[in-house]
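The first chain written gets the first letter, and so on, giving A, B, C and D; residue counts start at 1 in each chain.
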C-alpha cells in the first residue's frame, strides 16, 4: 500500500500548519523552511541557483533581494513547487517538498500565501471573486468568506471596490488585490514576490507595514524586493541572491552598509 | 469535493460567459441533432426493412381435382408449422378475379376460363422464417398429391435481401461518419470552453486547489451544456418530425405499408443522458492538460 | 498588405502551434468529409432517380385484326413524336412467351392460346416526357382503329414519382443538416484558433499594426487549413469510395441498373476551393471581434 | 468622398513624424502634445481625469507621477487612443486624436513607443520576435530588423537572450523586453508606463539613462513612475496627477521639494 493510499491523511501532510493551529509541540521548534544546498539549472551550462543554503525560523521576516534575473522568483517558485530542485533539498516544516506526491501539493500551497510577481489575478473576475477564491478552495462557508474578504480588501486600501472587474483597475490596485488574496487565508508562510513594484512610496510602506503586522501574529514572511528604500527603512533580516548563492547581508539594520553593490561584491 | 460550492462556481461561470455558453450549447445541439436525426432515420428504415422482410409468402398450387378434405388437411398441417403466420385458401374463381383485377393486360384475357387459374393456398410466413425453413416447407408440401406446384418467390426475396442489407451498410457508414463529426464538434467545443479557463485553472492550482476542486465546476458545466444541447436537439427533431410526418406517411411510408415513428422514449432518454455524459467526459478530458501547474 | 511578410508570419504560426494546427485541420477534414460524402451520395442517388424516371413507357395494344400496314404506319407516327425514345413491336406469340416466363403462375396457364395475349407496340419514352404529354399521346393513339387499348401505367408512375421526390426531399434535408453541422465545426475550430491569438492581436494593434497586417497571416492560415482539410477529405472519401464501390455496384446499383460514380472533377475542385474559401472567410470573420483595440 | 477614401494618404496623417524625418518646417514648431481640459469618466460620479491641461514640447523629457490609481496610465492610454476623452481634446502634433478614423489609429501609434505597465509581451514568442514585431509592422526588411533588434536588446542588457522564450524570463527581464520593443522603432514620442517597476536600482538607472540618451536625439519622452529615488536623481520636468488634475511640480531639480505628499497637498 503506497503512501497515496492513506487517503485524506496521506495527502495532507501540512494540514496542521495553518497559522492559528500550532498545537503540535515537536513541530513548533523546527525551522519552518530549510534550503540545503539547492541547485536549479534552467540551462545546463549556467545554473540559476548554485548551492543555496538558507534557514528561516518560524515567525521571521526576511527580505530577499538581488539584481534582476538573480533567481529571487525562482527561489520562491521552488518553495511552492512550481519547479522542483535539481539538487539539494527544501524542507518545509521538516518535510522534503521534493518528495510530495502530486496529490499533496495543494495541501502544501494552502499553507502559503503567495503574491506573484505578475499578480496572476483573473481580469474578468471581480475583485471580490479574485480574493474569495483562496477561501473557497478551503471550503469556507460563504458568510465567513464575505467577512474575511471585506477585511482583507480594507487592509490593502480597496474597501468598496469588491464589485469592480479586476481588468478595470490600475496597476497598483491590481497588485493590492494580489496582496489581499495572499493574506486572506492567514497562511503560515507568506511568499511575496515584488509586492510593491507598482505601488507609490506611501502605499509601498503601507503594504510593508501590513505584512509586518501579519508577521507579528506569528506568520513567517519572505519578502522579495528591489526597493532599497523599503529595505533601508526596516530592521529585518536581509538575504541577497548573487551569482546563484545566498549572501546573508545583515541580521539587524546596523550591520547593513546600504546599496546592493556593497553587498554583492 | 464540495458539490454545492462546485455548483455555485459553475453558475458563476454561466453568468460570466453567456456568449461562450450560447456558442457551445448551439454547436453541441447541432451535433446532437445530427446524431438523433440519423438515429431516427435508421430506426424508421430498419422498421421498414423488417416489414419488407416479414412479407415472406409461399403459394401452394392445388391440383384441379384435389378433394376438399385433402385441402383442409393440408391447410391444417401448414397452420401447425411454427414459421407459418396465416394460410388462405384461394379458389380458381378468386384467382381469376384477382389476376384480372391486378394484371391489367387488356380485355382479351377476360375470356380465360377459371380453370386456367389453379386454386392455391396462400401461406404468409412468420418473420422468423429463414430461407432454409421455407425450402424445407416447400419440399414437404410438394410431396402431397393435392399439390401441383409450390412457388417460394425465392429470387425476389434474394434481391430484396440484398437491397435491405446494402441499405443497412449504407446507414451504418453514414451513422459512423456523423458520429465522428459529432465527436469532433463536441471535442472542439468543450476544448474551446476549457481553454478559456486556462488562466483560472492555473491560479486556482497555485492557490492550493485540488484537481477535483478545479474539475468539479467544469465537469458540471460540461454536463449541463451537453444536457441542454441534447434536449434542444430532441425538441428540434420532434418539431421537424411532426412537420414532415404527414407528407412522408402519405408517400413513402404508404407504399411500403409502414407509418414513420418518432424515437422511442428510451431512445430519447438515452440521447439526453448520452449528451450529459459526453459533456462531462469531454470536460474532464479537456481539463486534464491544464491541471499540471 | 505585404504578402510575403504575411506568409512568413503565417509559417511562424504553423511552426509554433503544430498541435493546434493538427486539431484544426483534422476537425475541418472531418467536416469536409461529411459534406463531400453527402454530395457523393446525393449525386449518385439523383443519377439513380433520373434513371428510374427515364423508364417511362406506354403499351399500345393492337387489335387482333389490325393490318401490318396500319401497325407500321402507327409505329412510324410514334417514332416521329419528340417524347418517344424507342418503339418495339411485340407480337402475340412474343407476349405469351414473355408472360409465361415472368409471371410464374404455374403450368396451368401454359395452355393459354397466343390469342389470349394481344400484340402490342411497346413505346419507351424520352426522359423529357411529362405526364400530360403521355396522356396526350395516349389520347391520340386510342383513336386509331388498329388500337384496342392503351396502357400508360399512370398509377405506377405516380407512385414512383412520389417516391423519387420524397427521396429528394430527404436528401436535401439531410444535406442541409450536414451543412449546418459542418459550418458549426468550421466556425468553432477557426474561432478557437483565432482566440488563441487574441493576445498577439492586441499587442500588434497597440504597436500600430493595421487590421490588414493582423488579418493577413490569420486568413492565410485559415485558407491553408481549409485547403489541406478539403484535400484530406477528398482523399479519404476516394479511398472509401474505392473500397465500397464494388459491393455497391454488385448489389443496389445492379438492381437499378446504374453504376455508382465518384464526384466529378469539377465537383472535387469545388470542394477544395470551397474549403480554402471557407477557411479564409471564417478566419476573417473570427478575427474581426478582436481587432477593436 | 469621405476622408477615409483618400487611400494611403488619408489614413496616414502622422506618417511624417517618424523621429528621423522632421523636414516639414511648420510642424517642428508646434508642441508635440497638447491636452486641453481633458476629462475621462470611468464612473459617472467620479471622473478619473477632471480637466487636465498639459503641453509637451518636442524633445522634452517629462516625469509623470501620482499615487496609485491617480490616472497616470489612463492619461497615457488616452494618448495612444486605447480610450477616448469624454471631454476636452488631445492634440498630437496639432491634430486632434479624438477625430482620427479607425483606419488612422495605427499610423498614430507608429509614432509612439509604448512601454505598457503590464508589459504586453507574448509569452510563447521568443525575445527576438517580441521586439521584432514592432519593426515588422513597419514592413522593414528582415536584415535591418535583425540588426536593429540586436542593438535594442543590447541597450537593455539582454544581448544574447534573443532566442529565449519570453515566458522563461524573470520579471525584470520581461520588462526590459518591453522597453526594447518601445525604443526599437525610434519613435517620435515614448510613453513609458512604470518601465522600471520590476528592475533593481542599478538597472532602473540604466533604463532611465537609456531613455535620456534617446531623448537627446530629439525624441520626446513621457515617463510615468512611482519611483521617487529616480525622480529625485534627475533634473527633468515633473508633472503630478492628483485628484484628476495635473500639477506642474517643477521645471528644474531645485524647485522640487521631495516626496509626493508635499506636491499633492
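What we mean here is this: a contact is a pair of C-beta atoms (placed from the backbone, for glycine too) under 8 Å apart; a residue touches a chain by one contact, two chains touch by 3 or more.
Small disclaimer: the values here were computed from a predicted structure and weren't measured.
*Asks:* If you apply the touch rule, which chains end up adjacent to both chain A and chain C?
*Replies:* B, D
*Asks:* Nearest whole angstrom, what separates the Cα centre of chain C from the Cα centre of chain D?
*Replies:* Result: the chain centres lie 62 Å from each other.
*Asks:* Quick one: chain B and chain D, Cα centre-to-centre, how many Å?
*Replies:* Centre separation, chain B to chain D: 68 Å.
*Asks:* Starting from the mean Cα coordinates of chain A and chain D, work out the distance between those two points in Å.
*Replies:* Their C-alpha centroids are separated by 33 Å.
*Asks:* Can the chain contact pattern be summarised as a line, a ring, a star, a complete graph, or none of these (other)?
*Replies:* ring
*Asks:* Applying that definition of touch, give me each pair of chains that meets it.
*Replies:* The set of touching chain pairs is A-B, A-D, B-C, C-D.
*Asks:* Name, in rising order, each residue of chain C that touches chain B in their complex.
*Replies:* The contact residues of chain C facing chain B are 23, 26-27, 30-31, 33-34, 37, 41, 61, 64, 99, 103-109, 111-112, 115-118, 148-149, 151, 159, 162-163, 165-167, 169-170, 173-174, 177-178, 180-182, 184-185, 187-189, 191-192, 195-196, 240, 244, 247-248, 251-252, 255.
*Asks:* In the complex, go through chain C and note every residue touching chain D.
*Replies:* 2, 5, 9, 12, 16, 199-200, 202-211, 213, 293
*Asks:* Quick one: in the complex, what on chain A touches chain B?
*Replies:* Per the touch definition, chain A meets chain B at residues 80, 82, 103, 106-110, 112, 114, 116, 120-122, 124-125, 129, 133-134, 136-139, 181.
*Asks:* Which of the residues in chain A come into contact with chain D in the complex?
*Replies:* It comes out as residues 42, 65-74, 117-118, 168-173, 176, 193-194, 197-204, 226, 228-229, 259-261.
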